[in-house]
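Encoded as structure tokens, the structure appears first; notes follow it.
Chain naming follows the written order as A, B, C, D and E, and within any one chain the residues start at number 1.
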Amino acid sequence: QGAPIKLGYVSPQTGPLAAFAEADKFIIDGFMAATKAAGLNYEVVVKDSQSNPNRAAEVAKELIVSDEVNLVLVASTPETTNPVATTCEAEEVPCISTAAPWQPWFIGQQANPGDPASWKPFNSVFHFFWGLEDVIAVYTNMWGQLETNKKVGGLFPNDGDGNAWGDKAVGFPPVLEKLGYSLNDPGRYQNLTDDFSAQINAFKSDGSDVITGVMIPPDFTTFWNQAQQQGFKPKVASIGKAILFPQAVEALGKNGHNLSCEVWWSANHPFKSSLTGQSAGELAEGFTKATGRPWTQPIGFVHALFEVAVDVMKRADPTDSEAVIAAIAASNIETIVGKVAWDGANLPPFAGKNVAKTPLVGGQWRLREGGGYDLVIVDNQTAPNIPTGGKMEAIG
Amino acid sequence: MSDHLSASSWTVSTRTRGSAVSMLAILALVALAFAAPLFVSRSVVQDLFFILTMLVLAQCWNLLAGYAGLVSVGQQAFVGFGAYAMFAGVSLLGMDPMAAIVLGGLAALALSVPTAFFVFRLQGAYFAIGTWVIAEIVRLSLAQWKALGGGTGTSLPSGATRDMVGVRFVADLLGVRGPQATDIVCYWLALLLAVVTIGSIYKLLRSKQGLGLAAVRDNREAARSVGVDPTWTKSFVYLVAAFATGLAGALIYVQKARISPDAAFSVPDWTAYVIFIVVIGGIGTIEGPIVGVIVFYILQNMLADYGSWYLLILGLIGILIMLFAPRGLWGLFADRTGAQLFPVRRILAGQPKPPAQTQDIRGSD
Amino acid sequence: MSWLDTILQGILLGGLYALFAAGLALVFGIMRLVNLAHGDLIVLAAFLILVLVSALGLNPFIAAAVALPVMFALGWALQFLVLNRTLGKDILPPLLVTFGLSVVIQNGLLEGFSADSRRISAGALETASIQIGPISIGTMPLLTFLSAVAVIVALNLVFYRTSLGRAFRATSDDSATAGLMGIRAERIFATATGLAMMVVTIAALYLGTRANFDPTMGPARLIYAFEAVIIGGLGSFWGTLAGGIIIGVAQTVGAAINPEWQILAGHIAFLLVLLVRPRGLFPRAVD
Amino acid sequence: MALLETHGLTAFYGDFQALFGVDIALDEGETVAVIGANGAGKSTLLRSISGLIRTMPGQIRFDGREIGALAAPDVLQLGIAMVPEGRRLFPSLSVEENLLIGRYGRVGNGAWSLDGIYDLFPVLKERRHQPGTALSGGQQQMVAIGRGLMSNPRVLLCDEVSLGLAPVVVRDIYAAFPKIRATGASIVIIEQDIGQALKVADRVYCMMEGRVTLSGTPATLSREDIHAAYFGAHAR
Amino acid sequence: MPILALDQVSKSFGALKVADTISFALEKGEALGVIGPNGAGKSTLFNLITGNIRVDAGTIRFDGEDVTRQPPMARCLAGVGRTFQIPQPFEKLTVFENLLVAGAFGSRKTEKEVGDRCADILVETGLYPKANQPAGSLGLLQRKRLELARALATDPKILLLDEIAGGLTEGECQELVETIRAIHRRGVSIIWVEHVLHALNSVVSRLVVLHFGRVIGDGDPETIMASRDVREIYLGIDV
């Protein structure tokens, strides 16, 4: 058997993004148990990015240079995935990344993000997740279920996600226009803004029925409260990132009811782990049992990251980077988040090589009797194999 | 007073007994460091790069706070600005990264001129806050620069660092892969920058300007009365520190190859850690930051896996040292042993003239 | 009407910043102590209120009232045991010690409460508002602003109408001579920091109910607080309120032009004020 | 036994020794003057007593207690107030506030109140709301004395209260001393003006270079003795 | 042409007038004494002459040139040397370095060029044994000597001395007087503020009396000392 296969894993375990990594230990423990049971010899070197892009780049370099890992895995938000992937690309070390929409990942690593002609594919880094086109489709499908005036207010911050979502070429604006929605985008605000009266005034005077955007939780809370205070009550609010985690929705008190968001993964997704054979429900339940906390969406993707890694390593000599890279490119595997294959399906040609897409559906947070919220899948037009749990409802 | 210059035989020197020995030791150490990539592993080179770049930042901050009394909490402005200028040079102008590093330094220098104009209107604590606000403004402004990714950030064109001047040569010479050769070239640049920075600071401190700087720090009013121009003296130091900080920032980001406003203008990474390094080692000495950066590196390696405990302990150590050993570890050591690697004291030696010659001015008792 | 609303919202926002800044102004004015941990202390107080709310099921306002004496004691001890040792001619020791303290508090909170963002629930008040003509004013922002004014009035009363306030000013002027009057400077300083922590608690109440907070968000607000204090002029509480309002209005007006300008506009307003008046709007006659 | 006495009092500023074994005594109700040249150590003596400079515990006794090691606020609480050299009014406080601050560490309910001070120095009443530093030097000195009295001290230490004041003003200030004595307070004054000192004091100490070189009642001291004690043997 | 001429110089701190239309001139090589009660504005007058404080009104001419608007650095270079009443040493520098700063900056020379002269001044002022000690470690007397030494190091044409004899013993005072006389003999003009009158009067040939920021007397020491104002206001002798 010889030396163990060394995987390096970077995620934001501390700092503001720590919620994304809360299942890391649970998943890696499960991964080690499963591989051992299967007679495989793996070692995982875990590094904490501290939610800091500088630190993420440093630890990636450490993984490559000191730990000499065979493959780097990285998850959660462009702030973590991009510095790590950039480092791996420069070092010609294979890297698989996930849990960030592919545009901020791919375009965000281009030298001149503003000039599509200059974009180049990468050699050794790969990403699987959904993209903006998916979230746009999911959101507009959800909105389509309701009667609205098709006026949309956009809240896009000046960060990796916000710039991609609001991008005039690849983001929301062109698609919404095509579908007959009018988008009111007042401009990029900075994260941790204390006042949204400018946006609220703009949406109010426009009479927007729909609000969308990709916000960090504190900003959405600030916005949503202020909107209610100012008497601005849209029918739909579909917000990325901010209401990903149940705690963030609970922080809104009763005002979180019927907020909608994209669903990357849920306990009801009809997929199984290729590694442990667990269903999505079983994985989620295992997590809750182990930690006493409710399941969250990133769990499935972190698990899938390790599934892909094992699958790749089965098909290549772990010590041969070229071979590993080739094996990643040739992947075609059913994971707990669905099929992962870098086959260029549903992607523009420039991203086809490095990006694989997973299915995305839409959900709404529903206030449970006796407190707490449930995430109910309300739209599956983009992935009919994922069952819905209800229909889209307008906010109060 | 010309008659006073005649007979006496004074000598003034800054050397101490051990200083020639320590100079030799330092030279040997630098030579060793230069040769290091030949016999140490890549990860050691990597760590040394980190140590050297942090050392440059720490020396610059120490020059400001320790020698000029300018407590800045906005040095990240120059790190980030230098780094962004380097990115602009490489990505937008197609420059070689090596040249773009120089561009980064110059850009930071250029930024420091209007900045100095503003912050030198403020005193003490106001100065500190002023520098911080300026850094925020620079960060927010660069976050609007769409060509370099705005708030998202951007990466260097893949291959840019591999095509950097000298990398191919080093790769062939040492028989290493491209990325490793890039690391080695960056390391040598960091070494060069650190040596030149320390050397220049040392030279500055031993020069007339350094003396004036010390006088201004000790007593501004008295300094003005003996002909020292405090504003000019401080501005000069501020500009020099900005230039070196910008170079270091650009170099650090050549190595990282990815930039975003939050990363490049990070207060913890480029100012907080730097302050800890200086405080732990000992403020107001050249040796202090050197000791500090080594201790900091060891602490980071020992504690980095403990997440927030690491920072918590670092914070506590900083507080304790400030309260109980305000002159830092090097201060403790130097107080016990009197050791000095970089002496700047002007020691007067020689004999006063025989009393007969001073008769005319002292009078008889 | 839109501009009126923009400015009004800016003024209300300025109340929040002034509240953040008032404690800072007190400590800065009396001891020349630049407390870089101020933002983190606000977050700490917010967590204290949160714990009281969730553990005892208290109404947040009552919880804040309970937290007031606790924070006073904490501030008193902090100043008496630690910060008093750093006071002197040199501004560096207090700066560095409070900086270390900031790191310690942040990471201590991270250990204790994780990085999750939290919120103190104020129930229906959160979204309530008052309609005045075409403009609606959020009840919470209004309460925040009124609290800021109340805090400023209270601080002014304490500072200028009580014997404690006289002792504050006297000690600030000349602590050795104050000692001759029977004033124990260390305790006066400790009391000042204790008071500042009470203001911090009030600020924390509004920070915590307004939006989510997490252990690392202190410094982001600290800079606005410093700006408010400096624009206002050392030791002037009304100046601090004015400073907060200037920054708040600059932000909302900047945002109305383009949200990209929101935060930048606040900082630029700060620069402009200082360019014209390097010692702030209402500097004290003697320094 | 004397109310306040020093035994072999020594005092240092860092390495510099300013007092070399000073013995003085003050009885209840008595007024004592300390005279001496610039730098003789007079202010240092008062600073030591008032706790601004810490000394050996046993070197100063007040009312039977050793107070040498006490800090200034503790000394004040025992009933010793000081009017410091150079007045040292608090610039951020108004005249009235400067007076009120004197009451901060007040010991007991004695004779002195705001009204009492305004009776003593009527001119202060008119200017009560002005900043202390806006007053003329003489008025400032009145505030400083009033501030010292507000704590109703048993002993009032006055350091050069007539320094740099016009003679008329000096007369006004000295006119107040009998009234202060009438309340039973004991007083130590430091005075450069020897004539003035001899007029108000029951006893006089003369200091030079950190030592007491002469003491006695005004009646027993000749001008020549004082002059010798003042300038040392080589006086011109 | 006088080396220094003040014309109607005024300065107030708030309501407090510390210099009130002061005018006088000093000839080259003259030694002038300034006396007056504490707080009369003597030190302030020095600060106005050196530029550490800006005048509110009036002009100051030095060596024929109007220096009213010049900063202290420029006036120092032009030849104004001063001591501070409360000594202001550069505490972390050694005594010798204190002089080097003054020498190098105050006369626009290199350290090398002024080293010897600074050392000689140390000997002259009796500070030589302390040359390599930090100035912060000096006692008050030596700090005062250092003030004088540092002022001399700038190679002044005029020397402003602020109460440097206070607190000296008789013998030390005598020594100081000799030193100042020697400096004076080399052609340096002197203005000396001093309360130790016998020392002052053994050096100066003219006295100016300040009171509440006004010049109330200007003349030869004998007449001034005998004048009614001075006896009343300054000496406190009953007339």
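Throughout what follows, a contact is a pair of C-beta atoms (placed from the backbone, for glycine too) under 8 Å apart; a residue touches a chain by one contact, two chains touch by 3 or more.
Just so it is clear, the model here is predicted, and its values are computed rather than measured.
The minimal number of chain-to-chain contact steps leading from chain B to chain D is 2. Touch-path distance (fewest steps) from chain B to chain C is 1. Seen from the Cα centre of chain C, the chain whose own Cα centre is farthest off is E.
The most distant chain from chain B is D, comparing centres defined as mean Cα coordinates. Centroid to centroid, with C-alpha atoms defining each point, chain A and chain C lie 37 Å apart.
In this assembly, the C-alpha centroid of chain C lies 43 Å from the C-alpha centroid of chain D. Averaged Cα coordinates give chain A a centre that lies 78 Å from the centre of chain D. With each centre defined as the average position of its C-alpha atoms, the distance from chain D to chain E rounds to 31 Å. Residue numbers of chain D whose C-beta contacts span two or more other chains: 133. In chain A, 14, 158, 188, 190 are the positions where the chain touches two or more neighbouring chains simultaneously.
The residues of chain B that reach two or more other chains are 140, 144, 307-308, listed in rising order. Under the contact rule defined at the top, the touching pairs of chains are A-B, A-C, B-C, B-E, C-D, D-E. Across the complex, chain C is touched by residues 14-19, 51, 158, 186-190, 192-195, 197-199, 201, 205, 217-219, 221-222, 225-226, 228-231, 245, 247-248, 251-253, 255 of chain A. Those residues of chain A that touch chain B in the complex are listed here as 13-14, 48, 50, 52-55, 57-58, 61-62, 65-66, 78-79, 82-83, 86-87, 89-92, 104, 108-114, 120, 122-123, 157-160, 162-164, 188, 190.
By the touch rule above, chain B contacts chain E in their complex via residues 1, 4-5, 8, 10, 12, 208, 211-212, 214-215, 217-219, 221-229, 345-348, 350, 352-353, 358, 360-363, 365. By the touch criterion given at the top, residues 14-16, 37-40, 137, 139-140, 166-167, 169-170, 195-196, 198, 232-233, 236-238 of chain E touch chain D in their complex.
Of all residues in chain D, only 13-16, 38-39, 86, 133-134, 137, 162-167, 192-193, 195-196, 209, 231-232, 234, 236 touch chain E in the complex they form.
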